[in-house]
Amino acid sequence: MSYEDLENRINQRNVFLRYNVELEGPAIKPEEDEDVVDILPNDEPFKSIALTILHENRDDAINIVKKSLDEGVSPIDIINEGLMKGMDAVSVLYTKGIYFLPDLMLAGDAMMESVKECEAVLGHKSETKATVVSFVAEGDPHDIGKNLILMFLRAGGYEAIDLGRDVPAADIVEAVKEYNPIFITGTALMTTTMTAFPKVVEALQKAGLEVPAIGCGGGAVRKDFVESFPMSVYGVEAYHTPKLADAILKDKKDWKDLRKEYVDIVDEFVPEYS
Amino acid sequence: MSYEDLENRINQRNVFLRYNVELEGPAIKPEEDEDVVDILPNDEPFKSIALTILHENRDDAINIVKKSLDEGVSPIDIINEGLMKGMDAVSVLYTKGIYFLPDLMLAGDAMMESVKECEAVLGHKSETKATVVSFVAEGDPHDIGKNLILMFLRAGGYEAIDLGRDVPAADIVEAVKEYNPIFITGTALMTTTMTAFPKVVEALQKAGLEVPAIGCGGGAVRKDFVESFPMSVYGVEAYHTPKLADAILKDKKDWKDLRKEYVDIVDEFVPEYS
Amino acid sequence: MKRFTQMEYKDPDEMLFGHAKFPVKIRENMEIGDGYVIPEINVAPGEGTEESKEKMVSESRNIAHSASERAVNIGLPAFILEQEHISQQTNNPDWTAECTKVQIEMLEKYYDEYGIKTALRATPADIRDEEKDSGFWDSDLFNKVIESIEACASNGASIVSIETTGGKSVSDYGIARGDPKAILFGIGVLGSMDMEYMWNKIVLICKKYDCIPGGDTDCSQANTAMFLAGGLLDKDCSHTLAALARAMGAARSLVAVECGAMGPLKDCGYENPIVKAITGVPISAEGKNAVCAHSDLMGNLMAAVTDVWSNESVYHREEMGGTTPEVWLQATGYEAALMNTAIETDNGKILRDLYTLTDKYRDPQALVLAYDNAYRIGQAIVEYGDDPYLRARAAALEAGAIINEAVDAKKMYLTRFERDSLDSALKTLEKLPTESDKFIKDCIRRYSRKIADFDPKNYEL
Amino acid sequence: MKRFTQMEYKDPDEMLFGHAKFPVKIRENMEIGDGYVIPEINVAPGEGTEESKEKMVSESRNIAHSASERAVNIGLPAFILEQEHISQQTNNPDWTAECTKVQIEMLEKYYDEYGIKTALRATPADIRDEEKDSGFWDSDLFNKVIESIEACASNGASIVSIETTGGKSVSDYGIARGDPKAILFGIGVLGSMDMEYMWNKIVLICKKYDCIPGGDTDCSQANTAMFLAGGLLDKDCSHTLAALARAMGAARSLVAVECGAMGPLKDCGYENPIVKAITGVPISAEGKNAVCAHSDLMGNLMAAVTDVWSNESVYHREEMGGTTPEVWLQATGYEAALMNTAIETDNGKILRDLYTLTDKYRDPQALVLAYDNAYRIGQAIVEYGDDPYLRARAAALEAGAIINEAVDAKKMYLTRFERDSLDSALKTLEKLPTESDKFIKDCIRRYSRKIADFDPKNYEL
């Protein structure tokens, strides 16, 4: 029997299903999602600004922001009432599975560039909740996970310092001295690079530095390994990062608390922690 | 095409080889193996006694032993110069891959029953090098590994106390008090039963008892787990057991030494230790 | 009790993966053996989770969650989660109850959300103690086993199985010493007696709760021989003797079906193709996707006529590719998908034959389980179907004949050890009495003296 | 350098696992692609072994030992050990040398003792740094890579491979943002340029030592898209866009062969079926037996036309069934055995089609790699064979056309996200300039501003 004949005999549903297609709900506009409605501001120009972010429209975002700044709207308000609200909505749609990574990245790009416009008027960097430092483990060239974390942190109102890929422990010590972060995130894809994490902890201890927590995650990283040394907490999803940072900032949690209260902090079922 | 037609087309060598058949050397009589020649005694009745063990012939062994005892041969000599030499030779053939497990077990049965005949004349248990206690972890019903260990220990001149399967820690504490062993062996087939080992160590410590080493091995048992608690050494092959016992007895090694010098002690390439 | 004295399959060529004479229906929509192969995933609780009920329940939930999530993520139409309980669970039937409950809840959640067909096979541990005076059929431990089975059935398990251990002390003795008589007594007589005792009870419990009595496996006996036989370089058990033990195991595992077990028979019963040939019930099997748990020499062949395809067992932990429930369900799921594609395109029998011929002549153990030979052993069993001893003996003799024919045809090559142990085993088996009573009496005398753990009273003998 | 402007295979139906137009001979007796499929095992050094040369050498020896021992114990006629080096090895070419040496010694020991055919594929890590001013083609790190390759070749490695990373910063940017232009520039232009630069050097080194230059993979780019695309429920990269990236990756990975790589191409190059269709060199592939490392939606399909069958990668540690080199070599070895049985019985093409059809319509990424469609993409590539940019673009457009045809035929169903991102990508790709220079200039302007790590000087642009 020929390949074509064989192909035509198969009822694919008896072999594999495409649950993503099967279960797709009706298309709705992002601004009509009920959680987004709760987040979006009602007043102009903030509503329009937030919507440009929600629609991932960098050019429109910059244009409206510039126009609003020209009209004397406070750059701080534009950031907090407009751009950040839009980004909040994007994060919510991503965690709900309605938005995808490219939405998040493009909205993030639009937000970051718009913030820069505001800062130009402000004359200095805008205020953030606090600073977080992010790195990829020494020897590891994979940084998409880290870039995702950066985006979530920035969307969550944090100053996120990007130390890049393949970062030696010494550079992290320097960064802690310089930025005094409330949280560090490290990612690794390989077992032989995740061993960089305890070395970072050691280097910090040697330098007499302490950080409330170092979130360690990524492909090869296992919870039992991360919990075999101090200062660390095993991070499961990139979007958990700002929630962990919030817990440190607002509730004064440290790495011991984060390990114990992870599920409560990220507020969802996490098999690794239950 | 029919099943038979398909079957007749296959050149099995292009799919799988039977290396055991391919590489089989010529058959030789066990007593002609060069290492066995070195071990076997030259004098009678010891030579004949050793040969009955080598030939796994329980009935002949008992008969010759009884006859020799009747003729006034020292039971101690029969054990040490005859039976044990035969068993030594069996162990050598097993580790060389010439003898198989059934050979070892049947020869062991023949030896043990013959020793009993000697002990009957002697009026007490024959002397052994020292005592070793063997158990299967609590919750674990699989005991072939342990039985193998018993056989190797007895073949190696040790008094091997069999605590059986599914043994609670308390029973092991009692056995240590009673027998004062130089070595304990524990086996487990499952990950959820190997966790019994550290509990045994804890129970011994609580009771203020110490043993030079506890050898832990079996299906699910991993070296990293065994080395995560004290007193223990990870055992790789059942036939390593008497060598480890010898190192404890003669060279006063303890568990720390055994971990470090395992390869030297068992005198072969052991990937787990290199 | 109905003994099988006829084959349900009339021709070995009728046998094919995904198809059983008597499919088993779970809930509304999963039918096992009704034209497709279903993957089965079995994950052992991680170390430390045995310490408390809370940990074990959470572990059970996590395993079910991971498996379900991956199943949907890769588009499996159906899967079975097997949970083999550890002794702590069976020792505490309330653990069993709670673990079963959370697993069924998780599976149903995914069924409701995605429409994926799911089922839970719960397998309490046989924690009974065969030692002398232990009351094998009437002790606290025995009661715990029965209570745990009821806890599974009453808490929603779709299927209940168990790996009973009757006769293990005797068969272990025989396997370690190459004694075919002890193996036959341990498997064919004591094993079969214990199966009958246990399975009559299990089937009654299952009926009470509308739960499927799945089936048993000769794991504790024939698999001990197989594991000791090991690979080509291993020296612990002759592969020919292991093949005979397997054939005897079929005569024994058949008893569960005779007592009312409906299948799918349990994955690690490598004798299942024989039992399927006789009874027509669906089976589970394991092979090349069970490398996580053990190495066998028939990893493809075992897929040939199976209805459910399993990974046997794996520790619960993380790999690069995900947690082990995810990784190994994907492994069995992808193989099941290949079989289902073969069924869909009418190439099932070709794939069956490829699976079979890949391994058929690699090892005597594989040879006797090739579906044509499995069928022959089935025929030998039903010829003496009414007598557990005689049928187990007939199965072993037929297995020996199959091996010898293949050797004569220069298709199978044996080592000296395999050749010698086969010859000597067949000689011994042929000389045995043709009356069960005589054989049993003789064995009781011989083995109660030699085997410390064997107590005839345990079997009311 | 010879660019491929014609297909070596004249008909997709000619393609079959275990058969390549140009088999590769290792030592006296292993011929890859000469009528049988060979399993490949790849094990990552355990954590902590990177701490010293001594530990890494011992780890390398143990991996080779375990794999060889299991191979003999289960009767494999042949296997390939791949060692993907970690950065510490490549950073220290003397580590590379010693690790390669002990592994080859172990493999030869088993060859001498048992006659098992063995080969070592050594794969140094691409430790170069793409950042600005890093001297991608001329730095200490670059020199270490080249020295390590020479250390492999001169110490007896049978095959040398590498996973080059040229253009990764740009393609990563594009993948994360759904920007097909960035992906095309990163893979089709920068990736291809870097391949040419690296592989001309690698092939020269290999020739010097009589070592086979194996081939490359678009692991750092198209596999990033595939891993982010993930399963059906994942939301990070559209599966249609990942399919286009894969097609582009074929145009890029082809460059190694154009520079003189002879195969087997590296396992994780899911684009390999396309490259094989064009060039006729043997390939390695991974799929359902690489679940240890990652989850894909084409685990059976990838076996259809492969010559070597791999597990991708797994940590070195113990499982119930043995150490991971044992367990996973058995997994790939058993699947290779099934393929070899199909070849022996003249059923190779049926099994190939079963593998393919199991996955073909599960996912757009699988669809474009079905051997018939892979062939079509190959044809699109050779039509513009002389121009790396145009051929990568043509490959992506053809992949899009294949998906759209299947959708029109109601065989492939897309989600809205997949549908939208395909439409928008095809629109973008169609509008791109037909001149390479123009495209490159435009991309340099656009992406050197947006991507911190992208430095045109690294590529002498």
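Labels A, B, C and D are assigned to the chains in the order they are written; within every chain, residues are numbered from 1.
Rule of thumb we're sticking to: a contact is a pair of C-beta atoms (placed from the backbone, for glycine too) under 8 Å apart; a residue touches a chain by one contact, two chains touch by 3 or more.
Just so it is clear, the structure is predicted and the values come from calculations on it, not from any experiment.
Trainee: Using the contact definition given at the top, which chains are in touch with both chain B and chain D?
Mentor: Correct list: C.
Trainee: So which one's got more C-beta contacts, A-C or B-C?
Mentor: When the contacts at A-C and B-C are counted, B-C has more.
Trainee: What whole-number Å value describes the gap between the mean CA coordinates of chain A and chain C?
Mentor: 48
Trainee: Rounded to a whole Å, what is the gap between the Cα centroids of chain B and chain C?
Mentor: About 30 Å separates the centre of chain B from that of chain C.
Trainee: Which integer distance in Å separates the CA centroid of chain A from that of chain B?
Mentor: Computed value for the inter-centroid distance: 58 Å.
Trainee: From the C-alpha centre of chain C to that of chain D, how far is it in Å?
Mentor: About 40 Å separates the centre of chain C from that of chain D.
Trainee: Could you list the positions in chain C whose residues touch two or more of the other chains?
Mentor: 72, 74-75, 232-233, 315, 320, 337, 340-341, 345, 347, 353-354, 357-359, 362
Trainee: List, in ascending order, every residue of chain B touching at least 2 other chains.
Mentor: Residues 6, 10, 15-16, 18-19, 220 of chain B each touch two or more of the other chains.
Trainee: Line, ring, star, complete or other: which describes how these chains touch one another?
Mentor: Drawn as a graph, the chains match no named shape, so other.
Trainee: By the document's touch rule, what are all the touching chain pairs in this structure?
Mentor: Pairs flagged as touching, ordered by label: A-C, A-D, B-C, B-D, C-D.
Trainee: Tell me, which parts of chain C touch chain A in their complex?
Mentor: Against chain A, the touching part of chain C is residues 35-36, 58, 61-62, 65-66, 72, 74-77, 113-116, 317-318, 320, 323, 337, 340-341, 343-347.
Trainee: For the complex, give me every residue of chain B touching chain D.
Mentor: 1, 6, 9-11, 13-19, 22-23, 219-220, 222-223, 269, 271, 274
Trainee: Which of the residues in chain B end up touching chain C in this complex?
Mentor: Residues 3, 6-7, 10, 12, 15-16, 18-21, 24, 27, 94, 97, 99-102, 105-106, 109, 139-144, 147-148, 164-166, 190-195, 220, 225 of chain B touch chain C in their complex.
Trainee: In the complex of these two chains, what residues of chain C are touching chain D?
Mentor: 69-70, 72-75, 230-234, 287-295, 297, 299-300, 313-315, 319-322, 326-328, 330-331, 334-335, 337-338, 340-342, 345, 347, 350-351, 353-355, 357-359, 362
Trainee: Can you name the residues of chain D that touch chain A in the complex?
Mentor: 13, 44-51, 86-88, 126-127, 129, 131, 165, 168, 172, 175-179, 220, 224, 228, 232-233, 235-238, 315, 353-354, 356-363, 372, 411, 413-417, 421, 453
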